[in-house]
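Taking it in order: structure first as structure tokens, then the write-up.
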Amino acid sequence: MELTDFKTIVADYKVIFFDAFGVLKTYNGLIPGIQKTFSYLKENNKDFYVLTNDASRSPEQLAESYHRMGLTDIVPDCIISSGMLAREYLELKVNHGTVAYLGTEDSAHYIETAGLTTLSIRELSLESISEVNALVLLDDEGFDWNTDLNKTVNLLRKRNIPVIVANTDETYPVSKNRIAIAIGGLAEMIETIVAKRFIRFGKPDAQMFIFAYEHIRNAPSIHKKDILMVGDTLHTDIIGGNKFGLDTALVLTGNTQAEDAEIRIRSTGIIPTYICESAVIE
Amino acid sequence: MELTDFKTIVADYKVIFFDAFGVLKTYNGLIPGIQKTFSYLKENNKDFYVLTNDASRSPEQLAESYHRMGLTDIVPDCIISSGMLAREYLELKVNHGTVAYLGTEDSAHYIETAGLTTLSIRELSLESISEVNALVLLDDEGFDWNTDLNKTVNLLRKRNIPVIVANTDETYPVSKNRIAIAIGGLAEMIETIVAKRFIRFGKPDAQMFIFAYEHIRNAPSIHKKDILMVGDTLHTDIIGGNKFGLDTALVLTGNTQAEDAEIRIRSTGIIPTYICESAVIE
Amino acid sequence: MELTDFKTIVADYKVIFFDAFGVLKTYNGLIPGIQKTFSYLKENNKDFYVLTNDASRSPEQLAESYHRMGLTDIVPDCIISSGMLAREYLELKVNHGTVAYLGTEDSAHYIETAGLTTLSIRELSLESISEVNALVLLDDEGFDWNTDLNKTVNLLRKRNIPVIVANTDETYPVSKNRIAIAIGGLAEMIETIVAKRFIRFGKPDAQMFIFAYEHIRNAPSIHKKDILMVGDTLHTDIIGGNKFGLDTALVLTGNTQAEDAEIRIRSTGIIPTYICESAVIE
Amino acid sequence: MELTDFKTIVADYKVIFFDAFGVLKTYNGLIPGIQKTFSYLKENNKDFYVLTNDASRSPEQLAESYHRMGLTDIVPDCIISSGMLAREYLELKVNHGTVAYLGTEDSAHYIETAGLTTLSIRELSLESISEVNALVLLDDEGFDWNTDLNKTVNLLRKRNIPVIVANTDETYPVSKNRIAIAIGGLAEMIETIVAKRFIRFGKPDAQMFIFAYEHIRNAPSIHKKDILMVGDTLHTDIIGGNKFGLDTALVLTGNTQAEDAEIRIRSTGIIPTYICESAVIE
């Protein structure tokens, strides 16, 4: 397995797309030294965006959390979250009534800013659901799984409404040795049980990349060849970037460990353009 | 769709296997008149067994519940539950240490009678799991889904142990208009997340039918041709009975409604030998 | 089920996206009267595009086939095929060497116009595969399934290369009562067997819609709200259009029959904005 | 990974079940020295059976092929093939009419000995299918995939009949470096396309083990504890044996290589009782 220096690669691109978890930060905080990468990018006039499947908080809240950790270069405008795609869907396709959701009150931000009335499944009564015109799955916290997942199943048996999954991840790490089930994992169970087709937003889906690509299109003369997607996960970041036509760099600071990288690339057939130790530019 | 009279069919068989839910009882109690079926069977010296995917209670407790509803002919010895297969597995393959479980204390009966120490996931600490030699998924009640499903996922990442699913049903009805997620539905989510292969007991699996068949083999001269499997669900009772080589009767008092029966049989390719309005013999 | 008049709907949109098979034509030729729809659209200055998963022929050949049937308004420039996405991928991501393919020589057009050397799996020898840098699945015809599908499996075991599926349909109709397995169906089998991740282009994937959307973006002031997607298939045309944020019209001249439409919408949860008898504007 | 000596293990069991391919033979012929294992078993009065998913030939033809390779101890009576389960199904459940099949004429043996009329899909005309009462998938050879798989799909759309898959393997090795798609792989594709439920016989299904177990039940006092299942494949031989309650030995002469065994056991959660270099007893 040939490792390439991240700084050398970056020279060939005008825009860098970063995954967040495992690339910029872990459960322990920032990847040590990652601030230097963003100083370098700004000095060299390279644009950057963070593409994240995290729909639990607004871009403002996400940027604020980087700020608190000491990374001030990431501002709300350079964060593209799957929650923003869910909001666009709601704006275009669900223009009245109530939108029920699974998640915290923070995550409901994406529905509220679409101008729709929100209702946590926690508060929903199955006796009065005639105004519920969509369901959005945002976060695994903020509700009681025993009662509220059963309520969700029964809501979907009674109301034929679109269901939007704003985070497709099955799990997420909570400490060095522990993971937790993410809302994407719960979504798959409910979709199987009600046998309906949910609408998923987030990497590896092309729509996530399109959304980011359109943000930079106003800037003249940026083509797909000018963009590098950087991620730690083959089956979201890398396959998604590849399919959209971007060059991709796999970093070894998150889901894919140095000792597994080669075997995983071979067994999945998901081939990054480059493999780098990390996204840190010293 | 041609309906056949249940009494007429029964004449051709020596032993009847019944599914429980949707055939003998619903959330409302017994199917009206079903007692007469068992009187008839006893008068005519026909043997009968109840094959159920319900592992939440012991055969004794299940029989007791029929007794309370007014059906006294169903005794523990004629109940074959998927929990009994789980117990046989534990006896044969896990002969020491602790068996963790998801379910109520009642459901843990099947582990205790295998002579093993039980430990509810609710009580389990991820710091002391070195003695846990198997995990059994028994019932959707008796634990907190938020914390205990996450605990289960982390247990299975740390200990490579067999996982037994003693009820493969995804959902079960709790009232005329509501269903609940069963332990089989939760099991599928966890199996996907940990990417390991679980061991499932219950219809339509052949082992459930083998277990019942062996119970009656002591009786001389019973062949598969002499047994009728009666159920309300195509993809458990009917396909399972068919595959084991039994004749099958689909009844319309449960999961399969009269208006859907024909289209479901055509769309699934699961073909019962007979279709009957109910298993009631007037 | 409420049917809406297609002409009435069209008045509200500036651009119409059409699926081809089941909307404009069937195995019998054009849907009777469909020419009038295109006369109407041109008279009223409404733009239109045909979005098709058919990668067996070039846009020029596809347009020519409409021409021969008597529909002259469909010119190559208004055809968006999944083969064009495959070509874009090859141009961006596979810039040298040989591209192997399953399909007819006509279908190989999409690879040739990407400037790459083509090699039919029919002609490939497993002894000399070191130059093969990608595999494209284009069409179910043009090769021997017995030998060439096995050759494909062995190629993918030896070379870790991207595999592109340029038509995701599982089957296609060949006459009133018969269907045939499409390359998308064969692709699923091979993907399962080699356990690698293929890259799929075609509806319902968002990339198909963004490709069409970008074509019209040069025209000023077209927003998603101004576009109607018309299709006969819920799980490709309608869910794809919905997810991309377009209004959708289901027509009953193809895969979805009038008598099934309502039940299928309810059972899948895929809800078109409108249901119309056909796309014909009298 | 701790390796155990096969001879030492065998001492603890009265009956040995062997998988065939990868345990007794490979594409190169017999595993060197395997004859000695059977001499030892006979000298020590240990019973043995070969459980194989190979339904391409009758037990007589299979025994004959071992004989030709120099292994004379394997006689037809100790071969249990998935084809025998298919035959039992046909005898019990399909008692008249014609049974269509995919496979060679040799493989049709299992249908003929059930007393039914056979018809190769190769010879079938879709115009005269009213007498076809079942379809059996036996072997990947003996028919033209292009025409006959399409014919099969159309047959199943017109006739709602049981479909039996007598070999569940997806692939099989044909030389050191090449594999071929098995009938089980083709079966999965057709099942997906027609969306019907097929009936599968073969390991890891319990029915395969009970069939073998019943063969030896006449012998007094053999319990599950007395049987060892020996195989080279975790997801058929080992999980099937485990679930049926047998002790299992994984050998490293076939599908599972020494260098992969530990990681595969950990990643699948399928845990053999023992791991042995081979089934050869020196």
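We call the chains A, B, C and D, going by the order they appear; numbering starts again at 1 in every chain.
By our rule, a contact is a pair of C-beta atoms (placed from the backbone, for glycine too) under 8 Å apart; a residue touches a chain by one contact, two chains touch by 3 or more.
Not measured: the values here are computed from a predicted model.
K.L.:
Return the distance between the CA-based centres of chain A and chain C, expressed in whole Å.
P.N.:
28
K.L.:
Mind checking the centre-to-centre distance between chain A and chain D? Centres are C-alpha means, answer in whole Å.
P.N.:
The mean C-alpha positions of chain A and chain D differ by 45 Å.
K.L.:
Among the residues of chain A, which ones contact at least 2 other chains?
P.N.:
Within chain A, no residue touches at least two other chains.
K.L.:
Touch graph across the chains, line, ring, star, complete or other?
P.N.:
Ring.
K.L.:
Every pair of chains that touch: which are they?
P.N.:
All chain pairs meeting the touch criterion are A-B, A-C, B-D, C-D.
K.L.:
Quick check on the complex: what are the chain C residues that touch chain A?
P.N.:
Against chain A, chain C makes touches at 88-89, 92-93, 156, 160-163, 194-199, 205-207, 210, 224-225, 235, 239, 242-246, 265-271.
K.L.:
Which residues of chain D touch chain C in their complex?
P.N.:
So the residues of chain D touching chain C come out as 126, 144-146, 149-150, 153-154, 157-158, 170-171, 177-181, 185-186, 188-189, 192-193.
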